[in-house]
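Below, chain A partners chain B and then partners chain C, in two separate complexes.
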Partner chain A sequence: MQLKQLILFILGKMVKMFILLAALCLLSFWMVSNSPVDPVQAYVGADMMLVGPEQLERISAYWGVDKPPIEQFGRWASALLQGDLGTSMIFRRPVASIIKERFFASLILMGLAWTLSGLVGFALGIVAGMKQNTWVDKAIKSYCLILASTPTFWLGLILLIIFAVWLNWFPLGLAVPAGVLTENVRLIDRIHHLILPALTLSVLGVANIALHTRQKLVEVLSSEYVLLARARGASETEILWRHGIRNIALPAITLQFASLSELFGGSVLAETVFSYPGLGRATVQAGLRSDVPLLLGCVIFSAVFVFSGNLIADTVYRVVDPRIRHKDGAV
Partner chain B sequence: MKSANSLPIRTAKDTAHKNMLPKLSRRHRTLIVLALTTLLLLSIVTGSYILSDSGLSVNFEIKNQAPSMNNLFGTDWLGRDMFTRTVKGLSLSLGVGMMAALVSAVLALFLGICAATLGKTVDTAVTWLVDLFLGVPHLVIIILIAFSVGGGIRGVIIGVAVTHWPSLARVIRAEVMQLRSAEYVQVSRHLGKSRWWVATHHLLPHLISQFFVGLILLFPHAILHEAGISFLGFGLSPDTPAIGIILSEAMRYLSTGMWWLAFFPGVSLLIMVRAFDILGNNILLLLDPHKAHE
Partner chain C sequence: MALNQSVLSVNELTVSFRQYTRGLRQIELTVITGLSAEIQPGKILAVIGSSGSGKSLLAHAILGILPSNARVTGTMAYDGEELTAERQVKLRGREIAFIPQSVNYLDPLMKVGAQVRASIKDNKKEVQRDIFARYHLDSQVENLYPFQLSGGMARRVLVSGAMVSDARLIIADEPTPGLHPEIVEEALTHLRQLADEGRAVMLITHDVGAVLNVADYIAVFYAGTTVETAPVKDFAGKGEALRHPYSKALWKALPQNDFIPVSGFQPSPGDLPLGCLFSPRCPMASRECFESRPLERELRGGKVRCYHAT
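Up next is the complex of A and B:
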């Protein structure tokens, strides 16, 4: 019975997600087709003087941009439903394969940053919450608040100046050493290139999760069952382990899944600073060089990514938290 | 006589409002923050007018100089004074951010009120719209919008405005919903006051404060996103010295070790953002009766 409800819940969420995605497709297509940037001109670029009017017509017929927008949308949407996102103008390859390749690179970066920010943020939140209103708490709080106001890309620049230029510990950018064939790249090189971008990207999430965890822990510690535990003579560690962690872990995990949108946004900036060949960098390139198919693909893919994160957060919450499960189950 | 008189009154007042004491101190703190932020804002805006353009002229005799008394923030690879560039850039970023935050807050006010008053269909539509805009990373939407309007300031303002309204719209929607069912509003209705009268005398005074706090809290995010999008190259054109542009140019000179190119503009931006964040949060706590005593 409960499983059935869970499946219904997930199905309902997915239906909503597909409707939102369809709306997003329509909206983004309308926006790019309204762009003053002429796709043919953007494609031809500096060779504009060399290309005759007949050739221009053939190029626009090749990309299908000579048709009215509604027909273009129809063709694009029906191809999209079959999993075909079109061909990228700047890479001359199918958008789907570019996104797949780039997303894999981004996924490693984002996954590392996501885990790091989750663990560090949670730990900082617990320390601040347990040492409430002491100087430790105040220091952690101000540290988090300052981090929250720090531009991600600027932090990346500063880390590069300190660790790459001055100390020479890490490379200046890219995901692999320059001038080395892909099959010769060692794992250690990849990790070496990954550390600074991941560190930069993780910083934004730390503040969010630490402040939230602190708040929750303070609430739990001022509850009556903790008062009773204290009266029983339980130690602070015991209270934290028995009452604290159990109550604050779940909101923290949910929050972390719900933060995928910010993580993706941050990765766009971090990948640009470190010239890391991920999906965020591809989005920026697509936008700057007017690669409409790739841009649309990135927009839709990022939405799927964020929606999935939110869906996971909602599902985890339902499966793990008995209060929510029973509240709905009673109806 | 005067001092003898004022002293007992003050203590009497203090004991009468004993639990008002922390609130007063927060109020004082907020006033101080407000004064400092205003001062900072004014000095940046007036500074960008007062500072002559001579600091921006190319002068190869003093290029690539580290910070000194003559050039507080150093000079860049063309011998331009970084302090002048930073102040002018910050003033430009503040203007764009302010504009974007204002448009966004007005949008939130409009949609929030619509959702709360125009019935279930509109409410659902707005909720879905919120979900849609929360479902795509902000930066990606801004890139899309910047592309679709062909770049420039307009793209940044529209992009930032369109992505930042959902949270404030939610707050305003909840506020209007709550106010509509409040007893004094009901009584006012039954006494035969017109909708307009109720809206201007009961709803507006509450919403105005929410609106301004929302605006102040939107502002730091708006500047950060403006800087980010300019940094990526979608915003202002490279000849306008916005903070994002300055930092993206500084990025190309990273390996030369000229740290001051990136450090000072970024720190100035950080201070500005933090100042508005503190201000907004303090005012928010002051206005919220549940949190005012914390």
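Up next is the complex of A and C:
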């Protein structure tokens, strides 16, 4: 019975996702086709003077950008339904393979930042909540509020200036050392390149989760069941382990999954600042140079990614929270 | 009411909260003012007062679980020895048990068996099962979450949690308004049993009518103090045997009596009258009532805080 409900719930969400994706594709396509950037011009770039009008026409005919937008969309959508995302204009490679490669790079970056911000944020939130209204709490709160109002790209630049330019501890950008063959790149090099961007991304995620956890813990600690626990002789540490963590973990996990959208948005900026070859940077490049297939591919992929995050958040609640799990289980 | 017999005696207890209003202005909210009470083994003292009169804070003060911005003066003695903060920590959950009445006092995400086991020191599982059986709770109940319990079951779970240790003083907070009358009845009968086994019980409630059959003494709580403590038999007829004008008015206000409401309202904790706390509403108030607060005195087998009571 419970499993059936869960499957129905997920199926319902899937239907919603497909509707969302269809609308998203249509909207993005419409926006790109109205963009003032001409894909042919953007592709040719500075060589514009060297390329004749016939050649330009042949390029547009080759890409199909001379056809009316509706026809372009129809061709793209029917190819998409067959699993073909098309070919990127700027990379001259199938969009699917670019996304796969770039997503892997982004996944490491985002995964690291996500885990780090989740753990640090949760811990800071607990400390602030337990020490409510003391200087520790105030320090953590101020730190989070300052972080929450810091733009990602600015923080990235500051970190770059301090740690890469002044201290020379970390490289200025990219994911691997320049001029080294792929097979010669060591793991340590990759990690070395990952630290600054991951730090930039995670530092910003901390604020959200820490403030939320603090607030939730303060609520729990002023609840009647904690009052009763105190009246029955439980110590503050016992209360934190027994009632605190239990009641704040679920909202925190949910929030962390739901924050994937912000994380993705942040990674676009962080990857651009650090020239990190991830999906976010590919999206920016595609947008600036009117690479419609790649841009749409990135849009679809990021939508699926963010949607999955929210879906996991909702599902975790259903599976873990007894009040939803046993909805019909009153005895 | 000899003092050396009392399990708990509270003497001139005052609880106030410091609050900051606009800017850095400080105001002192006095929620309990010079309150005295005592309870003997085998007796039930019912503390009655209207909702929001701060009577739950009395329970919290005895248990030492007031919020950190509370200031407490006066003395409390447990077993004739001063009840200090350290003793409160030692005694609560062991010798002093607290029985709340609302399901909100259970952690919504924790199985109730585990919540009861949390206050047991040794043989957790065994003791919990014994106590659940004693309170007629099925063996499956321990695996339920609070939202799955009926009102009566929730109450019995709360009682089980309080009775895992052999407490000598029980403080029961008021049965939630809106609880089923049968459940209230069951709760009160049970408290009577606990008292008959030799425990001292303090029952905090707003319902005079409900406690008449179970309590031994009734303390009338008004604006943070006990204006009168009287044997339960004095709450009869038209209230002639009662001592304090507020107790009399309260008694007459009951639907089963004259149903005449007490005019006016209780003073707010931030703005207490200089003299007797009841003086603004008292028909008998004279000049001295407005100028100074009457001390508690013995009168006809009870205690009263009034210059004019006879």
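Please note the rule applied: the second predicted complex is superposed on the first by the 325 of 331 C-alpha atoms of A that agree within 3 Å, B and C clash if a C-alpha of one lies under 4 Å from a C-alpha of the other, contacts with A are read in each partner's own complex, and residues count from 1 in each chain.
Keep this in mind: a contact is a pair of C-beta atoms (placed from the backbone, for glycine too) under 8 Å apart; a residue touches a chain by one contact, two chains touch by 3 or more.
Computed from a predicted model, the values in this text were never measured in an experiment.
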| item | value |
| --- | --- |
| Contacts of A:Ser261 with chain B and chain C, given as first, second, both or neither | first |
| Partner chain(s) touched by A:Thr150 [first = chain B, second = chain C, both, neither] | first |
| Partner contacting more residues of chain A (chain B vs chain C) | B |
| Partner chain in contact with A:Arg246 - chain B first, chain C second, else both or neither | second |
| Touching partner for A:Leu56 - first (chain B), second (chain C), both, neither | neither |
| Touching partner for A:Leu119 - first (chain B), second (chain C), both, neither | neither |
| First, second, both or neither for A:Pro36, with chain B first and chain C second | first |
| First, second, both or neither for A:Ile108, with chain B first and chain C second | neither |
| Residues on chain A lying within both footprints (that of chain B and that of chain C) | none |
| Touching residues (chain side chain A, partner chain B) in the complex | 16, 19-20, 23-24, 27-28, 31-32, 34-37, 145-146, 148-154, 157-158, 160-161, 164-166, 172, 261-262, 264-265, 268-269, 272-273, 283-284, 287-288, 290, 295, 298-299, 302-303, 306-307, 310 |
| Contact set on chain A toward chain C in their complex | 223-225, 227-234, 238, 242-243, 246-247, 250, 321-323, 326, 329-331 |
| Residue numbers on chain B that touch chain A, as the complex places them | 128, 131-132, 134-141, 143-150, 220, 224, 227-228, 231-234, 247, 250-251, 254-255, 257, 259, 262-263, 266, 269-270, 273-274, 277 |
| Partner chain A, residues of chain C touching it in the complex | 60, 63, 65, 89, 92-94, 97-98, 100, 102, 104-110, 118-119, 140-141, 144-145, 147-148, 158, 161-162 |
